[in-house]
Amino acid sequence: MFCEKAMELVRELHRAPEGQLPAFNEDGIRQVLEEMKALYEQNQSDVNEARSDGRSDLIPTIKFRHCSLLRNRRCTVAYLYDRLLRIRALRWEYGSVLPSALRFHMSAEEMEWFNQYKKSLATYMRSLGGAEGLDITQDMKPPKSLYIEVRCLKDYGEFEVDDGTSVLLKKNSQHFLPRWKCEQLIRQGVLEHVLS
Amino acid sequence: MTEELHLAGQDSDGESEEVVLTPAELIERLEQAWMNEKFAPELLESKPEIVECVMEQLDHMEENLKRAKKEDLKISIHRMEMERIRYVLSSYLRCRLMKIEKFFPHVLEKEKTRPEGEPSSLSPEEFAFAKEYMAHTETYLKNVALKHMPPNLQKVDLLRAVPKPDLDSYVFLRVKERQENILVEPEAEEQKDYVIDLEEGSQHLIRYRTIAPLVASGAVHLI
Amino acid sequence: MSEAYFRVESGALGPEENFLSLDDILMSHEKLPVRTETPMPRLGTFFPEWGAGAGPDRALPQGSKLELPLWLAKGLFDKKRRILSVELPKIYQQGWRTVFSADANVVDLHKMGPHFYGFGSQLLHFDSPENADISQSLLQTFIGRFRRIMDSSQNAYNEDTSALVARLDDMERGLFQTGQKGLNGFQCWEKGQASQITASSLVQNYKKRKFTDMED
């Protein structure tokens, strides 16, 4: 039956837990495109035969292949589009620099889309007024207090807190820091917000 | 802080006028716009004047904080307030961007076919963002897949592929200004349409489509 | 769950599936019984039980009864039924409809589906004389089951919910999850955790995973 490979692509993505990005299945895409080429050529040939030899009985078969072509296209586009949505989420959840392990899962074109998205977003945020605009990828949770207790989950190094003052973020050290400064590091998994 | 802020607005005749707001009123307007945007299924009218004024307000507050003495207890309170406002503003703008990306072909089409005089759902910057998003996505799909497909299959109409916002989804609202004779259309063929009045202060669960214009005019607030 | 990832939802309960929805693509892969109303040349190889190699053109004979995926049946169907005619799968027929109307809650809709409502709604495209009854049955079945789904999703806090969702179809599971999300959000707020900044769930998930492909 046709479109098996296309279904495999869709299933593979659907299986990945919400939002996770599996490796880009370049081979899968290539195989679907090859199947489409073969289907199209068979149809071209049958269409010619139907015209020249009056074989209108070939029409259902031509339709059958055409449906398969449409299906292959749908699966491919949906696969690629859903991956873009997951990549978009990475900008919001990870920040603008992605860990290499994740980049490894993206195709070159996907990386380019990510970079273009990043740039558009940055331009938009800068335009929001004031000196540098507004970074709306911060402030993801409503603020309850100015300062929060954080525990360091991995060695990070010096971290500037106020004009001049800085703290050394060593694994397992705990600090009482301004909330707005810590948010990004918490989201990235460097610090942990400790509730008292 | 009791300075007044000047906000370009419209009076009940739709005429442009400058509305003078206190900072507290401005923040209330921001919070209202935020709630409406959060709960409305479609992208609402853009409020660049609110965004601009709030940003100015935040800058102003930052300036004041810099000038204040380090030990001044008021600093904490003002900083908290700033954080709160920044959170609401960021959340509001994030919500809008999310809808713009989710419905990008429809948002752009609506802007393209917008009748003159009707307010835009997109600020100029959001419009630029949306256009770029569309261009990048179209180019990507074309280069990676579509241009390698058979000739008659290379065009995918994103207006049809990307779903539209569901205006028939249900929303909760509180009535700010009494409304009479709101026509509620039936959902199923056997039902008839009927008319309701919305009393001030009352709360309802209703299909968004029915009350969309009332959200735009401020007669109801989504909750 | 990743808050910044908003996938294309299913449109199957509406008039048309969503082109980009992975759920809808999976749903429309499910099969239904059809009958060919005309021979289909050169396709016999896909259906060997119908005599591949029989006849000069390896045709799939007229009158063949087989199961095709919904997407294909939809594509080949027309009102005049020139290429194929469609039969209702058993669970949408009168017999099962009666069972549902007796007690909708006893049925394992995951086993019967798992896209019971979505698939059933899309079946309406095939112009069956039973369409009105089918849609009524879908609606009433859902109404009958909804109360229990809502109650259990609102009361199961921090427990293993696999038994509760085992017999739900895909759409119902989505509802259950939404209910759970609301419940967890509320509990979180009650405990004062709503403002706790957390590492993004994506970050946490990637940490837990082993990137075995990197070790090759």
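Order of writing sets the chain letters: A, B and C. Residues in each chain are counted from 1.
Please note the rule applied: contacts are C-beta pairs under 8 Å (C-beta built on N, C-alpha and C of every residue); 3 or more make two chains touch, one makes a residue touch a chain.
Chain by chain, the UniProt names read as follows: A = DNA replication complex GINS protein PSF1; B = DNA replication complex GINS protein SLD5; C = DNA replication complex GINS protein PSF3.
All figures in this text were calculated on a predicted structure; none of them were measured in a lab.
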item	value
Chain at the geometric heart of the assembly (C-alpha centres)	A
Comparison of B-C and A-C (more C-beta pairs in contact)	A-C
Chain centre separation in whole Å, for subunit C relative to subunit A (CA means)	25
Rounded Å distance between subunit B and subunit C, as computed from the means of their C-alpha atoms	33
Residue numbers of subunit C (touch at least two other chains)	6, 8, 19-21
Contacts with two or more other chains, residues of subunit B listed in rising order	161
Contacts with two or more other chains, residues of subunit A listed in rising order	70, 77, 81, 88, 140-143, 179
For the subunit C and subunit B complex, residues of the former touching the latter	6, 8-9, 11, 18-21
For the subunit B and subunit C complex, residues of the former touching the latter	98, 102, 160-163
Of subunit A, residues touching subunit B in the complex	29, 33, 36-37, 40, 69-70, 73, 76-77, 80-81, 84, 88, 107, 109-110, 112-113, 116-117, 120-121, 123-124, 127-131, 134-136, 138-143, 145-146, 179-180
Contacting residues of subunit B [partner subunit A, same complex]	51-52, 55-56, 58-59, 76, 79-80, 83-84, 86-87, 89-91, 93-94, 97, 101, 125-126, 128-129, 132-133, 136-137, 140-141, 143-146, 148-150, 153, 156, 161
Footprint of subunit A on subunit C - complex, ascending	1-8, 19-23, 25-26, 29, 38-43, 46, 71-72, 75-76, 82-83, 192-207, 209, 211, 213-214
